[in-house]
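Order of writing sets the labels: A, B, C and D. Residues in every chain begin at 1.
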Amino acid sequence: MIETTIIEKRRPKKLNNAVLITGLPGIGLIGQVVGRYMVEELKATKISNLISPHFPHQVFMTKKGGLRIIKNSFYLVKRKKRDVVILLGDIQAMSSPGQYEVAGKVIDYCKKLGVTEIITVGGYSTGKIETDRHIHGVATSLKLRKKFVKLGVVFGEARGSIVGAAGLLPAFAKMYELDGACIMGETHGSYVDTTAAKQIVILLSKYLGIPINIKRLDQRAKESQRILQKVQEEVQKTMEQQAEAATRSVSYIR
Amino acid sequence: MIETTIIEKRRPKKLNNAVLITGLPGIGLIGQVVGRYMVEELKATKISNLISPHFPHQVFMTKKGGLRIIKNSFYLVKRKKRDVVILLGDIQAMSSPGQYEVAGKVIDYCKKLGVTEIITVGGYSTGKIETDRHIHGVATSLKLRKKFVKLGVVFGEARGSIVGAAGLLPAFAKMYELDGACIMGETHGSYVDTTAAKQIVILLSKYLGIPINIKRLDQRAKESQRILQKVQEEVQKTMEQQAEAATRSVSYIR
Amino acid sequence: MIETTIIEKRRPKKLNNAVLITGLPGIGLIGQVVGRYMVEELKATKISNLISPHFPHQVFMTKKGGLRIIKNSFYLVKRKKRDVVILLGDIQAMSSPGQYEVAGKVIDYCKKLGVTEIITVGGYSTGKIETDRHIHGVATSLKLRKKFVKLGVVFGEARGSIVGAAGLLPAFAKMYELDGACIMGETHGSYVDTTAAKQIVILLSKYLGIPINIKRLDQRAKESQRILQKVQEEVQKTMEQQAEAATRSVSYIR
Amino acid sequence: MIETTIIEKRRPKKLNNAVLITGLPGIGLIGQVVGRYMVEELKATKISNLISPHFPHQVFMTKKGGLRIIKNSFYLVKRKKRDVVILLGDIQAMSSPGQYEVAGKVIDYCKKLGVTEIITVGGYSTGKIETDRHIHGVATSLKLRKKFVKLGVVFGEARGSIVGAAGLLPAFAKMYELDGACIMGETHGSYVDTTAAKQIVILLSKYLGIPINIKRLDQRAKESQRILQKVQEEVQKTMEQQAEAATRSVSYIR
């Protein structure tokens, strides 16, 4: 496998004005917690997996004695008004060329599916614990900005840059003539923030016009954190072993 | 050479329900010892070499005054019941993109040959010396799991991740609609483990229904270790020289 | 996106013997200050954006709540005598393969547009503050050299190498049968040098036969410096976070 | 430019059983000194340049005010018996994938030209100063080995590996059904060794059946060393600046 590849379980019929919501690891783990919660609460169906040479070269052993490659997956929720696609993932690509490649594949696939809008979810790190937290946003069109402003999202106050898919996907959306936005929960940045995740689930529930019960979020966020931590520890361990192998001569070449 | 390339010495006729066994360097050197021993004991015939830009850019000088590029090789054992292909190698690819590329090429080639099952061999590092050692396994299908359970392989107890080809190949097998498993000998992790290798040879002998004498394994494992150590030292030396050249200004640009 | 891509806003009609001037970040920020000033003073029209997987994987949030991907852009000034294309950019590619890829794409695009000459602008670092500063040049043809000598540019006195697009683009120009030169303001090297930038604007004004008022340069150079610093800080911050994440286990995988 | 590219000045008619001799930087600078000396003494004609994204992204300023990209070049000596192609270069590719790519392009081009044999020249580092020095060799065929044994080259005594093009090119030659050998002068390893270079020039003179006067070698070796040192210093300086920029926040993004 030389290029990032999307392996479809089944190609759904042309979607109805669909919106993509991303649930990838990032600041405060907000995106991933939101994405995983929505997949579970909305009983979304997995439609495809995305595998990439820019992800780590390791697979996880499951409790049942199976194995699971590190991947991102697309899920679908069919709705009368507009369909929702959710991109959920263990990890993001580990280099700039990898990030651009994956983002390009995601946008191509979205266009094929009939997605017309890309909403990424992330965290906006403030380094402190806020009592009155905002949800910040950036968007590619005035129209989309207005919709989110009505729902209380703050535009033009966040400073700096957005790293990874949360920024690249809406930027690519614009280039490929789709609408795009990134919605960021204000967060400390160094711990998993379920409060911010809840705020965003409520926001997206209103935005998409889909009722989502947030009762189980706390519990499920812990599950998200547990999985992410496992992934992170394994990737970390491998990197450390390789760094060690590169300086000393202790481990076999692999 | 821009992509990993498999150079065939001769293309065998469509194989009979063949199984691929891997013998690549990894934890406790178990995979490589098992693979090399089976190639020798079963008098397997080399059918192709795999060369990759993701292997180190160096060649070994032989005692006869020849030269040998760092490579992986495919060997074939023709059997009435089912044919066996063994992948033996000096090294694994040195980056994630390299690992994915090589694994993809191996699977493509296996499909062309008529391989239907991929069994990788590795070590499961416990960091201690066990008196009663298990063989751990993960598999892509319940059917394959059951076959190995009957032979005493333990599923669902090993934790964490499998790094490199031992994990990627069965994961890719699944994606390409082949069966796959990884069989791991329990081992300390920081020395060559011929006891674990013997266990696996006995297991594979039963699994494949091929009698394999394990008398000479100890002696040959030493030979494997010697070769691997030579490869490792040379690659290490080159890396250190390049690291040194990158910080000081002592060696010529090469 | 796997390769560097130029996204055209509009393809202009075949240009009239056009010259490309580059305004990219580099020593003393001279190139970027000159490029940005010329784009503004000459009211150049943006004709395309260049996006590259070899740029950092981050986007900037704008004051209006929009987002802006890191990019280079081509601007056009239509003139009776000869048209001028200006390449302005936030950044240069972050690796050698990236630099070669971007330079190749720029030259291909220039040939399509009808550009016949490539003039890159850079700084020549002396490590001290000169009272009587030269403008140094290198050129691919004697003809071009002579033109610049007449305008006071010094050839054959600068020593060493030119790093990045300022050197690669004229070298590529030669290979693709275009004329090329690099014009370098003598500068200390460790601060933004608007005096050197002014000298180059005056030189290019004469060379191109286009009057350019340099009154507003000081003020606008400050703006350039502010933008560059923001880009640099954000890229730096991300790199540090990733370096930290690679050694400790503190931040989420992204 | 995405792939290593060979730009032909002129394509010579199909060569007569030609042999390629390499003159690239490496241990003791022997290869480059030999190659450069032969190009000059035999008045070889440049037929093409090889440019690669795996070379550093910098160009050299010439004394005449021109610029010269870092490159390798092919030179041709037409001879009655057999033609000689010499590959001379400033540098070798800076990564394993780069080394494999460049070696592949060199072999492809050689096959097009009608080259039938690849002889690389390198150094064999002993870490001490030998009074009675050998020339060591490795070769892909017994026939070639015998020819060099007759001329006093020692086979089967050198140990370890050959790094870079000196090893990859003969290994690739074999895969592409050409003959190949690497000829190495015994040398200390940490200084430029003109004595070893002389030995190799005399050897190649005999092997090729071409008289080559070695009187001017000492003087010209100093020139080789001077050029290489300049290249090395510039590349080194750039790498250090980039390493510094990656850890502190001092230099502009380039």
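Everything that follows uses one rule, which is that contacts are C-beta pairs under 8 Å (C-beta built on N, C-alpha and C of every residue); 3 or more make two chains touch, one makes a residue touch a chain.
Only a predicted model underlies this, so the values are computations on that prediction, with no experimental measurement involved.
Common neighbours of chain B and chain D (chains touching each): not present. Shared contact partners of chain A and chain B: not a single chain qualifies.
The pairing of chain C with chain D is characterised as different-residue: of all residue numbers used at this interface, under half are used by both copies. Chain centre most remote from that of chain B: C (centre = mean of CA atoms). Chain B and chain C have Cα centroids separated by 49 Å.
Centroid to centroid, with C-alpha atoms defining each point, chain A and chain C lie 35 Å apart. Annotation for chain A: no residues touch two or more other chains. Remark: the chains found to touch one another pair up as A-B, A-C, B-D, C-D.
Residues of chain A that touch chain B in their complex: 1-2, 7, 51-69, 94, 234, 237-238, 241, 246, 249-254. The residues of chain D lying in touch with chain B in their complex are 3, 24-27, 29, 90-93, 96-97, 99-101, 103-104, 137-140, 145, 155-156, 158-164, 167-168, 170-172, 175, 182, 190, 228, 231-233, 235-236, 239, 243.
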